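Next, two complexes with subunit A in common: one pairs it with subunit B, the other with subunit C.
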Partner chain A sequence: MKFRTFAWFVGPSVLMMLLFIAFPLVSVFLQSFQVTQPVVETVEVETCTPGFVGQTCVTETKTTPVLDANGNPVTTTEWVGLLSYTRLLQFDQVGAAIASGAFSSILAIDFWKALRFTLTFTLVTLPLVIGLGLAIALAVNNAARSVRGQIIFVSLLPFIITPVIGALSIRWLFYGDGIVTALLEDMLATDISVAANGWAIEFLMMFYRVWHVAPFAFVIFYAGLQTVNQDTLESAIIDGASRFERLRFVVVPHLMPLIIFVALIHLMDAYRAFEEVVGFSSQAHRITLQWLTYDLLTPDDAGNRAISRASASAMLTMIGIVILLIPLLRRTWRDHKGSAR
Partner chain B sequence: MTLRTLMMAGMVSLLPVSAAQADCAFENETPVKVLSAGFEAWKAVTDAMAECGNVDAELDQEFRTKQPAAFAANPSLYHIGGVANGTITPLLNEGTIRPLDDLVAEYGENLAPNQLIKVDGQTMAIAMMVNTQHLMYRQDIFDELGLEVPTTWDEALEVAAQIEEADVVDYPLGATMKSGWNLAQDFNNMFLGYGGQFTDAESMPTVNTEAGVNALEMMKALTEYMDPEYLVSDSTYVQQQFQQGKIAMANLWASRGAAMDDEAESQVVGKVNAAAAPLAMEGGAPATTLWWDGIVIARNISDEQAQAAFRVAMEGLDTEMVKANNDAAIWLISGYQPNRLAEGAIATASAEPAPPSYPSTSQMGLMHTALGNELPAFFTGERDAEATLAAVEDAYITAAQEAGLIE
Partner chain C sequence: MATAKAMQQPFSLRFASASFLTLWCLIAAFPIVWIAVMSFKSPVDAFSANPLNVVFGPATRADGNGLSLLDIAVGLAVLVGAGRIAFTQLPRWVARFTPKGLIVVGWLVGAGAFAAAFLLVFFGLLPPVLAVLNSIAGPLGTPIIGLTAEHYYAVWVENQFWRNFQNSLIVTAGVVTVSLTVGTLAGYGLARSGSNLAFWILIVALVFRALPHSVLVAGYLPVFINSAEILRPILGENAPTLYGQPLAVIAVLVAINQPFTIWMLRSFFQNIPNELDEAARVDGCTHFQAFRWVIMPVMWPGVITTGLFSFLLAYNDLLVTSLLLDAQNQTMVPAIAGYFNRETTTTDQVEAVAAAVSITAPLFLLVMVFQRQIVSGLTAGAVKG
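Here is the complex of A and B:
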């Protein structure tokens, strides 16, 4: 292809990627080393607010931003180095916790609490998603041709549902007097409060993620199964290979690139888990790194938002994903080089 | 269908509209946009405003995140904003709303003096209703068990124990303790009730004090009588617990009162009464805060637009609207007839000493967030009261340094 034609084809896509991915990323990267503050002054202000009958007036000193001639707040931006990162990671508190031997109190610090859960969440759901996806794919592949369509449709449903709605529907099954909880309470004749236990919420969040993503793995693996070399399979049968051995030595090696692909996508997705926290209102017990960024970015009633720390948190999340992906990317790279030779 | 019936149908469907427009004293020609919270009272007010024509109201519970940026735009994206004493802060700080004194003088003849929110002598907002968290309780259960309505939280604990023993409801108590904003607000109520101060004159935090520990210990004691899932329980959750007859009392928003008597939803119509918020300590104010809701007008719009917006707003806040929606809120507007469920809010607001208004300061915004994020660890048992409050102070200091409020 001529370079000109090539450029015309990829140009729009590159432009979009620069505009919506690269520039925001650079901006977030820079902001994580900056702190922008309004210039404030303290003033005596008398405020009168209504009671039911009369008014109560209080005079208090308030901190208000200084406004410029156009009525916009004056702000200063300073380079602060790694300050926002230290504020987020709170190494002094981590150090104090290690020195006093109270390791569990590290996990009470927002960032570390979020990191602990995000990692557990990602690494526990990964094998489950791949295993379940593969199991469904094999089952569908061996099902009678007449019912395959229906089975595929039903298995894909969880993936089609909007993530937050899916999380909410599972929440409603278990929280309060949800159907499943009520049923269990009846059977066991005890009182169950799912949302009062951190571990139960953690389990539900993982259950939801596996339920939601397994169909994606299934579709990919099912497509892969259609291209397994039938001759190899037949000769394996003739050699006396059992069903498991055929899976272990023929099917799985054939699917390996796809398994790695699914693992890559899942690691990226699960590490920035967010909708589970919202759907299950798990903030009291479990938070994720992405939720932490969101929380820092949400303005409070007074309009304050911690943009610098949010940027630092976003950068750390990205670094985390890259670290998680390195082993898989290295493997793909080796395979790629191997096949090129 | 004949042409005749079609025309009749068309006329019938047009009728209510023209009748409604007749309710407005003037015909509004200037487009006016409103952004407010989405609860029942705002629906009543914005519907009344819409009668004047050319009014586009956006009712959104996430208004607080949109409003500061939308009003800072030039021209402002909305003309009228619905605010409360917490959410007016960024608008005041950034100077994106205009003083209303001239407009009040010209068009505000029906406003009561206590509706005018004054900041340094200038009217910056018009209040329409007050709101507060106060004690709602099941009168029928209290009568049946011969219980007195508690006036302090210590009494509330005793009453809760008796209700638990009688086993008449699932849980004696409900509370708006969902982690985040709600839990922090529940703490604020109790903390102020114990005479606490959030910050000192230098904006440094002062919550890790006796009042703070007392407030946390009392809240923890109360949770013994609650649904163990209280950390996901927001106002709507508590309202539904009441409506479904699962709880016997709760410190709940006055604005939720009308829902108790809503026959479509509630199984306890006429059985829930309201009393003043209990005291945390003898001689103190009721352990709650006073809130108001009202309207502001954007600065970055033309004077003509501001005038039209204000006149429309006055139509929304008139006696007619209150008469049609009497039970939707504790209105400050003339013509309001307090009903049975408003008694609690009125008793709370007129208590001596009276509970404070929720402070509208930048510091309070940061403190509220810090409390909302750090307090859950105390209730899940990860940290004790003092460690939790120390963590709150740390989180506040970090945020305040970042916001430039302290060194």
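Here is the complex of A and C:
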């Protein structure tokens, strides 16, 4: 294919990605070093109120925003270097916390709290998703052919459902006097308040994520199981391998590329978890990195959006993603060089 | 067959595996089924701590909203009948009445007409007929399960959820059309070119796929809010403010979706033998003609599968739509996020449940119709590397 034809085919897509992905990235990078503020001036205002003998006059200095000809506030943008980052990371407080040995007070700072939760969330759900996905795939592979279609249909539901709604549907089972909570209260004869307990919410968020992603892992592993070499399995049996050994030494190695694929996709997606915080209304207890950026971007009570701090938080989130992706990119690069040779 | 016997599993293992599957299916379906049940009950029943009350809804029944055995039997019969017609007769009618080449339009019209007819029969015709039947059926006609659609009425009509539905429709339709058009071209180009440039485009796309969407939105927001001033020198007085415009959101979602789309379509195109376009080229087609008249006709399954995933992304998105759309243009998912934040009374909560079920219902239908394509789409990317 000639380069011109190739360019015509790929052009529109590349243009869109440049305009709506690459360009915003650059602008976020720049914004994170800038602060845009309304210009304010201090004015002396003399207010007089009629009094008994004469007027009582009070002179005050007030700060008021400068307005332009159209009555809009004038804003300036200055370069502030790493100010937004330091505001987000609050190293002085972290240092003080470490010096005084009160490590838990580090987690009172939004960014560190979000980082702690996001990492725990990602790393705890990863083995659960892969394990559960593999277990379902093996069990479905065992099941009678006639019911497989229905099982796949039911399994796809948690995967396909809108993430917020999925989180909500689990929340309604537990929050307040949800039926599962009521059942637990009956069994344990205690009062349980899920919505007020940070760890309970954290557990529910992880449960939701595993429930939501395991079907994806299952479908992929199930497809992989169909191509397991039957001859190898038979020779393993002749060699006297037990059922577990066959699984361990024949099936799992065969599925390894797929397991890595699922793990990578899950790492990427769990790292940018966001809907869980909205669905479980957990912002008082647990927040994620992407939710932190979102929160900074939503207008506060005065209608201001903390764009520069949001950009800084976005850049920090991205650094995490890049670290996660480096092994994958190195492998792809090796494959590409290997195939070129 | 010694090996076959050796492969046979002991009863205990088969039993364990079957019970595990049953348990999984229960866990997978239960939350979704449960919110569907809750949405039809009066608030007292829906949030009752006793599951039996939630299912049978005594308070709802006491309000005079209930289904008798007869209602349930007739309703189920109509549902099953409609399902059978949809899967056996409808494809035949569509095939017979649509001219060749317009099969997609034919399906859209057919499905729309069928849905309208079903709604008319189920909600327009059945209730009055059953009311008469119930009054003469005696014990069979007395209500046993409480059920009310008042929350759906409140959500869709009083709270004007149909506006959000309309916006969702606009955004998803736009995203699917544009991203498929742009993506098929790019996917074909990338699959047929072995150049280093193609490789690098794919790698960069992979990195883009991993980006948190909030990073991108942080880049759009200031530009979109001030776009009128930025674009004024170019477009003059008519420069639009992009913030709040569905069109801008469509463009953003298409771009976010593009990396995934081109990877998936590329893997589908690679399955189509290169000899096919070479034959067309020998016959004197240009690359574009070969693409349009030879490759596209065999590409439909791949395009439909990718379209499904584009649809899911646009339909399920919360972050982009909630930050870039204002209140009038809000789609369904951010609208419901607003719902449960203001939940104060239990009635509000059940309305939120009803809205949630309304959002889920189309997805449910989607899995029913396109299960095979979804599975093939999930595996297409993974199994072939």
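Here is the rule we go by: the second predicted complex is superposed on the first by the 301 of 341 C-alpha atoms of A that agree within 3 Å, B and C clash if a C-alpha of one lies under 4 Å from a C-alpha of the other, contacts with A are read in each partner's own complex, and residues count from 1 in each chain.
The rule we apply is simple: contacts are C-beta pairs under 8 Å (C-beta built on N, C-alpha and C of every residue); 3 or more make two chains touch, one makes a residue touch a chain.
What you see is a predicted model; the values in this text were computed from it and never measured.
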{"item": "Partner with the higher number of touched subunit A residues, subunit C or subunit B", "value": "C"}
{"item": "Which superposed partner A:294 touches (first subunit B, second subunit C, both, neither)", "value": "second"}
{"item": "Subunit B versus subunit C as contact partner of A:242, first or second or both or neither", "value": "neither"}
{"item": "Which superposed partner A:27 touches (first subunit B, second subunit C, both, neither)", "value": "second"}
{"item": "Which superposed partner A:229 touches (first subunit B, second subunit C, both, neither)", "value": "neither"}
{"item": "First, second, both or neither for A:195, with subunit B first and subunit C second", "value": "first"}
{"item": "Touching partner for A:120 - first (subunit B), second (subunit C), both, neither", "value": "neither"}
{"item": "Touching partner for A:176 - first (subunit B), second (subunit C), both, neither", "value": "both"}
{"item": "Overlap of the subunit B and subunit C footprints on subunit A, listed as residue numbers", "value": "176, 281, 298"}
{"item": "Subunit B-facing residues of subunit A, complex", "value": "35, 37-40, 45-58, 60-65, 67, 71-73, 76, 84, 87, 93, 104-105, 107-108, 110, 175-176, 193-196, 198, 281, 283-285, 295, 298-304, 306, 308-309"}
{"item": "Contact set on subunit B toward subunit A in their complex", "value": "64-65, 68, 72, 85-87, 89-90, 92-96, 113-121, 127, 130, 178-180, 183, 201, 203, 227-232, 290, 292, 299, 330, 332, 345-346, 349-350, 354, 357, 360-366, 368-369, 373, 376-377, 379-380, 382-383, 387, 391, 394, 398-399, 402-405"}
{"item": "In the complex, subunit A residues that touch subunit C", "value": "1, 3, 5-6, 8-10, 12-14, 16-17, 19-21, 23-28, 31, 36, 132, 135-136, 138-140, 142-143, 149, 151-158, 160-166, 168-170, 172-173, 176-177, 179, 182-183, 211, 215-216, 219-220, 223-224, 227, 233-234, 237-238, 243, 257-258, 261-262, 268, 271-272, 274-275, 278, 281, 289-290, 293-294, 297-298, 305, 307, 310-311, 314-315, 317-318, 321-322, 324-325, 328-329, 332-333, 336"}
{"item": "Subunit C to subunit A touching residues, read off their complex", "value": "3, 6-7, 9, 13-14, 17-18, 20-21, 24-25, 27-29, 31-32, 34-35, 38, 47, 49-51, 54, 182-183, 185-186, 188-190, 192-193, 195, 197-199, 201, 203-223, 251-252, 254-256, 258-259, 262, 287-288, 291, 312, 315-316, 318-319, 323, 333, 336-337, 340-341, 352-353, 356, 359-360, 363-364, 366-368, 371, 374-375, 378-379, 382-383, 385"}
